[in-house]
Amino acid sequence: MWERKDFLDVDSLSKEDIEMILDYSEVLETHSGRGSKLDICRGEILVTAFFEPSTRTEKSFEAAMYVLGGDVLLHHEAGSSRDKGESKLDTLRTLEQYSDIIAIREPEAGMMQRYADELDIPVINAGDGHNQHPTQAILDLFTIKKEIGCLDDLKVIFFGDLKYGRTVHSLIKALRLFGRNQFFGVAPRGLELPQSFAGNDYEEIDMEDVIKIKPDFIYATRIQKERMSLDDRDKYSYEINAAFLCKLPKHTKIMHPLPRVNEINIEVDKDPRFIPFKQVRNGLHTRMALIALLLNHEDELQKISK
Amino acid sequence: MWERKDFLDVDSLSKEDIEMILDYSEVLETHSGRGSKLDICRGEILVTAFFEPSTRTEKSFEAAMYVLGGDVLLHHEAGSSRDKGESKLDTLRTLEQYSDIIAIREPEAGMMQRYADELDIPVINAGDGHNQHPTQAILDLFTIKKEIGCLDDLKVIFFGDLKYGRTVHSLIKALRLFGRNQFFGVAPRGLELPQSFAGNDYEEIDMEDVIKIKPDFIYATRIQKERMSLDDRDKYSYEINAAFLCKLPKHTKIMHPLPRVNEINIEVDKDPRFIPFKQVRNGLHTRMALIALLLNHEDELQKISK
Amino acid sequence: MWERKDFLDVDSLSKEDIEMILDYSEVLETHSGRGSKLDICRGEILVTAFFEPSTRTEKSFEAAMYVLGGDVLLHHEAGSSRDKGESKLDTLRTLEQYSDIIAIREPEAGMMQRYADELDIPVINAGDGHNQHPTQAILDLFTIKKEIGCLDDLKVIFFGDLKYGRTVHSLIKALRLFGRNQFFGVAPRGLELPQSFAGNDYEEIDMEDVIKIKPDFIYATRIQKERMSLDDRDKYSYEINAAFLCKLPKHTKIMHPLPRVNEINIEVDKDPRFIPFKQVRNGLHTRMALIALLLNHEDELQKISK
């Protein structure tokens, strides 16, 4: 049974929590689609409060609530009362009066627990600075499970900014709950995976080792150039292109949380091993499951599961 | 019976009009809540045209329409055709073609009557500059009535900018319809209540008199510092904090239209006498009642009243 | 039967395609209106992706989808992931994962075909730079047909910027499918109708000839002053005002795609021959028909036609 009021991070989730979300995501994927609106959240309102822009995540939550039959209020920073000096917490408390659940994107790491404590309605962390992006981790897990059928005995190589890449941190933590997996990292100097995330199952490698490893997944991330020294920008830029894919095994899937900039050449978009837009789609169903669980609709979810 | 096309100000409302709105607000509050979407406005569209930003008011109208079962189009100034030189009236006439009712926020005082004359659909004044904010007055009345059971024989102290504070003006006017009440004002020099609003029932007092009066309500407002001289900013700044509440009677409620800046210390937020977020919530139900009445759904409202 | 995946331009439409859209627009106009929400698109999601602002067009699509019973995700450039360097195509592919149909406004001419090729869901061109604005052409045709009963044997005078005025180009092309019509143009020097659009049925005239022609429609457009030389701004500015209408025949209707700036004096707004806001309203029903057809709801449309 689902017993959490909020969804703030991946760390505090049990394996059972995650399995429940993934199972219901699959059920919801089967039972939704064109023309089949559900009534699970009819009469309920989701607020998305984004203190930092994000197309992908905001629209994903919005669509998820529509398919569940609910309504959505979008709050953006621009054009709001915060111009008049209101605190974020007052803005959130105001939005709470109109809604049943809230998804918050917040640039400052570590504010989510405070918001969850202060608000009576369920709070979903839709990304808090470089700290966590737990709904991304869930959709990544769902993607991996759908592609390969399981969440253990995997070889996953992470590319890019592994120091600040919160999606990488969350995903590694979550995968560790599901058994033995092998993780590898290819990162520019200074942007390596922090020691706190790097366990026995983690190894730093060079670009040339990637092929030898025959990974199940390459999880590429955007490198924020402003975080690298000028010298390193050229040295550590990487591009996943057709030539690179040519050398990869047929079963290796390329994941990326998007947006991409120059890390992935669009020439690989038609390759079936390139699956970032499948990840996006999976985000819809995992967020549906999450919203439904947090609003205590487990009974309805079980009903449609049969 | 409700017979008005528009809702532009509090002044022109009769006591009966207001009582009708408050009664149906109570009915709607009882019949809405999680999972109980109404069908009263199904197939109807509300447009919110905000030529000035306001989180609280816009989202309140939007949520109200969703709970009533209708749809909402949000129009903001930014990113609109007004960049191409279109008049506000043309923008409103365009939006009218897609909708059944419109809520307008307008920085310039006194334009609402013009809009109401030109548009065929019901117009709701969602705040016109420093002139009126009549839906705020209604939600304030509803809050007072819910907290204390009546709208007469009250002692209300107003704090802050009483010169430009349109919510104060509207509320005083409305309360006068309901019998004998006593009003008091604590305002910085130059920001006192205008003579046109100050009747026999109104008295200017100093901060130190507040406790003696044993008010039923303290209605605090934001002071826009840019309207005070530098000297006065320090002198007339006030803060409602725990020490102040300690001296107040147990029955005195603190109201504030929000957003607050420094007038109210967050240390009082947990005190049950601090009720601004209840006001926000009450705004949802009063706006629902108003929209339903203006769209001529009195029959449906009566039906659910029984 | 409707067989197109996308709606990108007027040129590629057959007479039968257009007649089908206009017929169903009329049906939908009859069957919609206050309180009568349709269920045709229930459970389907429209995304509007506007890389350039437009109140009128965006809100029209949005309202159309609501009346059809569907949901809408609005994507604007501001506050999106494109700040992080994402390509437009990636943004569109992301939005595609959450939706069933997409309406795109794009400042750059000629990108629509590319978008339609890359996306699996139906793409509606909601205006691509100075190239095409095909849903405007359809609503203009619907307006003409409603006002006068047919689409041939008409005299139509176009006013304004005929060089860059995409609505003019699309309308002329579409009307040519329906039989013999006579077109006339009044344009500032340098902004005349391009040769590629000017056939045997087209004549350039001076302002003083307008009255003699006794046109059925005057289609006025906004002149973007930045496109004229300083000398020409005064010389070729025109204003449709009461004095001008006084000289016009009673049956001559004034159309304008809006927004207007100074081309039409508001003193003519109450004249029944001034019909731009009717055009706006007609845009709602034509866009409903288009969305329903592109989502393959011809059966449901036929059902309500009877």
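When the chains are written out, they are named A, B and C in that same order, and each has its own residue count from 1.
Here is the rule we use: contacts are C-beta pairs under 8 Å (C-beta built on N, C-alpha and C of every residue); 3 or more make two chains touch, one makes a residue touch a chain.
No experiment lies behind these values; they were computed from the predicted model shown.
K.L.:
Suppose you list every residue number at the chain B-chain C interface; are over half of them used by both chains (same) or under half (different)?
P.N.:
Here the answer is different, because the shared fraction of interface numbers falls below one half.
K.L.:
Write the angle of the rotation needed to overlay chain A on chain B, where the fit uses Cα atoms and the result is rounded to the nearest 5°.
P.N.:
Fitting chain A to chain B on C-alpha positions yields an angle of 120 degrees.
K.L.:
Could you give the separation in Å between the centres of chain B and chain C, each centre being the mean of its C-alpha atoms?
P.N.:
Chain centroid spacing, chain B to chain C, equals 40 Å.
K.L.:
Going by the contact rule already set, what residues in chain C reach two or more other chains?
P.N.:
78
K.L.:
Could you pull out which chain A residues touch chain C in their complex?
P.N.:
Against chain C, the touching part of chain A is residues 34-37, 50, 53-56, 59-60, 62-63, 66-67, 76, 78, 222, 258-261, 266, 277, 280-281, 283-284.
K.L.:
Note which residues of chain B are touching chain C in the complex, please.
P.N.:
42-45, 47, 71, 73, 75, 78-87, 89-91, 93-100
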